[in-house]
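Next come two complexes built around chain A: one with chain B, the other with chain C.
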Partner chain A sequence: MNEPLVTVEAVTKRYGHTVALDATSLTLRPGVTGLLGPNGAGKTTLIRILTTATAPSGGRVTVFGHDATGSLADRTEVRRRLGYVPQEVRFPRGLTCFAFVDYIAVLKEWSDAGRRHAEVSRVLDLVGLGDRATRKIRTLSGGQRRRLALAQAFLGSPRLLVLDEPTTGLDPEQRASLRALLSEHGRTATVLLATHQTEDVAALCERVIVVDAGRIRFDGTVAEFVATAAGRVWLGDSPLPGALQTWRTGTGRIRSIGGVAPTTPVPAVTAAEPTVEDAYLLMLGPAARAAAEVAA
Partner chain B sequence: MSTTSWHCDARLLTRYSAGTVDAVLAASVEAHLVCCTRCRAAMAVHADPDESDRIWAGVRTAIARPVAPWPVRLLRRCGVSDEDAVLLSVSRSLRGPWTLATVVVLVCAAWASFPDDPRGKAAYLLVAPLVPVLGVVAAFASADQTAELAVTTPYSKARLALLRTLAVIVTTVPLVVAMGAVIPGIGWMAVTWLGPAFGLTLTALVGLTCLPAEIVGPAVFAGWTAVVGCAYGRDTVATAVAAPAQLGYLVLAVVTAAVLFLRIRSTHFPGARP
Partner chain C sequence: MRAADVTAAAATPPPAAAPAPPVAAAGSVLRRLTGLELRRYARHPLFLIGAVLSAAVAAAPPDHDTSTFFNPIVPAAALGVLGLVATASLTRSAQVLRESAGAAPVPERTQTAALALACLLPFAVGVAWFGLSVWGYHRQPPAPEGFPFGDVSSSWKWALLFGEGAMAALGGPLLGIVIGRWWPRRGVAPMLAVLLVAVVIVMQGLFDPLIRVRVVMPFTYWGGPHGDPGHWRILTGSPQWWVAYLVCLCGLAVVGALWHDPGARGRRLYAASLALLLAAVVTCGLAMFTGVGNVLTNPLPS
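This part shows the complex of A and B:
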């Protein structure tokens, strides 16, 4: 089960003169992998290439042995094993929840009406919308619409599940339910989760890939990612001199990240346990970028 | 027969569970099982628990399944397969533009029936070929909302595109032809508009392989308005659908059909921009 199921080899994507992805390579295995990065980093472009929604300008993507950038037959085989939630899902007017998922199920080749309807009911139950199956989509809240978008991705329990910002608009309870769902699915399938929510990555992912300016900046376990911030996070009554970023926490203490460890003891400043967010801010936060530019 | 004076033997229960006893005996066994604890216990050995789970799951699904929307039910009654009915029902927001276009054609046709007013014929000729174009564009504008999802599914996008187009043509063309035939004064124009209609519809489909419906619709409208406007300016509206022009539309239809075929072969489908 540990062989790479998805392989991205030197994939490049250009839009005119803009390079959205620059010779990116990675592999994905069963489990939940988080994809972190700022807006415009290339996450959605990478996801759209993986899901065959767009073709790369160069490079090769292999999914379960099929070339996702190759012939139509190969791409169709990839699509048969894929569940996908785009960043923004627009719903056709006038449809009910059941009718929308039923429509996607037909597109996913569920030709037998009885089995298809049973599967549609199953995925609606899975995301907690079973009791709203006959409701018009326009009457749903933003969070419910997001869950509806998720429901269609679970049709047929796909081996590859790609989710672009799936927790946007969900309340904490719904996010917890989704995490449970994804972690269960990730036991047997390959799940790629693009998100801005570092707490989702910390709670759910075994591995994290950080993308910035079309390049992979980090690829490793979440523990390894957090370890990049070890010894660079501080809690005190005042900001640590030279810190890249500081903010007052809920307890009233000041959290400082980056900067140089104090050579002489600073009163009431202690090293703190870093989080995924600390590591992310240290790697890609605005202050980190500014510091890198100055250093360059 | 009393239900407790006899009991089912193992052989009878085996045959009953396999469904090989006749209807009268099956009804008798069934009535007996309802009352007899001993035979029910014996029957449990013969019953396949998976089978009963499957049956109950089927019953639950059938009860919980919502009634299909009326467009799906209507299409099914018209002989459309269940899958195609579901696919077409998503394009049903084309109803509004379709109804509007049909009403406009009706008004223009009525206008064209006034023999002394050439503007009526020009208006009819302007609008009639655009009805299927408008229907196609509206169908793809509506379905475009799910394009990002639809393009990542294994269903043939070429079939989907042609299915939607066919549905629009089947529902619009006969109606417009019938209106033109019924209203006096239109003459051969009641059918000659079909030439530009097919040329323009195919042109719109080719356009939809690379441009959004919001651009393709107005572009085709502007092009056809220019053609009819030129003919009207020369006081010869009928030349826009005369034999030489029909030849031009035929060439346009053949060329755009070929381009559409090539675009679809290279996986550029109408309504699914790469």
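This part shows the complex of A and C:
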């Protein structure tokens, strides 16, 4: 169960002179892995290569022992074993929820009508759209459409589930339901979750990979990632001098991340418990980048 | 912190292959997809409009002068031209569905083949219309001063009706798939449909210098009124070979749509496209230069 199901070896992707991924290597095992990074970091490129939607400029990707960058037969074998929710999902007009998932089920080689219809009903129930199966997609809310996009990815309970920003547009209750669903799925399958929502990573992922400018900046457990911000987050009545980022919290206190730690105890300033977001901002936030540029 | 740029992938043991989900035979998937596409086609408003219009014309009493020989314009427009717009839209939405799945194991070419097979639905309506038109002709043949006249063969007459009506009901939708695959922007198909109609109008034999070459068009007339007082004319060429040419064009449309999938561009498709292209040139030439050699004019005024 613990052997890597996905192996990415020195994968590079160039678009003209732009390097979207630079000799990236990683392995994925069963469990939920978060993929964090700013816009344009290379997350979607990495995901599209993993799911065989895009060919890399160099390197090799192996999924379940099949070369995802190899022959069409190999790529087809990979496609048979994965569920994928792209970042942007469009829906054709006029279809019902059931017809939408049913069509995709046929594209995923579910040809037996009885089994296919049962599976379509199962995944619609799974994402909470079972009672809306016969509704036209155009009548659904944004969150419901997002869940419908998720439903197709669960067809056949794939052992590799790749989700590109799946929680966008979901309300808190829907996000909690999705987390429950993904955590359950992640017990036996490999789930890769690309997101901007650091709270999803904190709530759901065992491991986090941070990508920036086409390179992996961090790869470890969520606890290890949060630990990178330990002792660098403060709460006080005023911004900490030299802090990389500060904001007034709901309690009226100022949260400062980074900056210079007080050398002598200051009653008004207390160390705060860091979060995934703090660690992310310290690593990749605009202020952190500016500081890094100055240092460079 | 593990400032990990690289996980030593090479050091990991080789992954075990996961059990594959039940894989359907390619033919079985094609059948299922064709069923779904047929259902989507049958529910498309433009197809329903086209089918109703064609049925209405087939049910109408034949014309005194021309019996049913000038009726094919209705299925050609209603099933062919509207079908072109309908299948372009269905092809676009099929692509949207494909993209929604992210990466589906069923290749684009299977989806294209299913869309092409779904075009048998408007073709079936076109064939039914053809049958009714032949029956209408037998019920009320054209008057001696009408069209067609003289001793043109039955195959000439049936080929005319079949080519202008039933083949247009197949060819238009197939062309729509090509447009939907290669130019998937909304609005392109209606624009190209209007352009096609405009070119067809010019090439229907109204202008004498274009009479012989008009058969290159997927729809053209084989006769019409001429002069004042009017006399019906039969134009040059062979509608039998023209039907063969249209079959080749339909085949080329399917090949053109399949060609969009890089995975489909194998030796067989290449050979098929060359063979169809050659056959299209030959049959078009035969349609132009065999059959009726010179324009025939009915001596009786209409």
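Going forward, the second predicted complex is superposed on the first by the 295 of 296 C-alpha atoms of A that agree within 3 Å, B and C clash if a C-alpha of one lies under 4 Å from a C-alpha of the other, contacts with A are read in each partner's own complex, and residues count from 1 in each chain.
Criterion: contacts are C-beta pairs under 8 Å (C-beta built on N, C-alpha and C of every residue); 3 or more make two chains touch, one makes a residue touch a chain.
Just so it is clear, the model here is predicted, and its values are computed rather than measured.
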Clash or fit, chain B versus chain C on superposed chain A: clash
Greater residue coverage of chain A in the superposed arrangement, chain B or chain C: C
Which of chain B and chain C A:Thr52 touches, first, second, both or neither: both
Which of chain B and chain C A:Thr228 touches, first, second, both or neither: second
First (chain B), second (chain C), both or neither touched by A:Phe98: first
Chain B versus chain C as contact partner of A:Thr134, first or second or both or neither: first
Contacts of A:Asp219 with chain B and chain C, given as first, second, both or neither: second
First (chain B), second (chain C), both or neither touched by A:Lys108: both
Chain B versus chain C as contact partner of A:Ala271, first or second or both or neither: neither
A:Ala176 touches, of chain B and chain C: first, second, both or neither? neither
Partner chain(s) touched by A:Ala118 [first = chain B, second = chain C, both, neither]: first
Clash with chain B (superposed arrangement) - responsible stretch of chain C out of 57-65, 129-137, 147-155 or 165-173: 165-173
Residues on chain A lying within both footprints (that of chain B and that of chain C): 51-53, 72, 76-77, 79-80, 82, 84, 86, 89-95, 102-104, 106-109, 111, 113, 152
Sites on chain A touched by chain C in the complex: 3-9, 23, 25-27, 51-53, 62, 64-66, 72, 76-86, 89-95, 100, 102-104, 106-113, 149, 152-153, 156, 159, 162, 215-220, 224-225, 227-228
Complex contact set, residues of chain B against chain A: 57-58, 61, 64-66, 68-69, 72, 82-83, 86-87, 89-90, 92-93, 142-143, 145-146, 148-155, 160, 267, 274
Footprint of chain B on chain A - complex, ascending: 51-55, 72, 75-77, 79-80, 82, 84, 86, 88-96, 98-99, 102-104, 106-109, 111, 113-114, 117-118, 121, 130, 133-134, 152
Chain A contact footprint on chain C (complex, rising order): 1-10, 12-18, 20-25, 28-29, 31-33, 36, 43, 92-94, 96-107, 111, 263
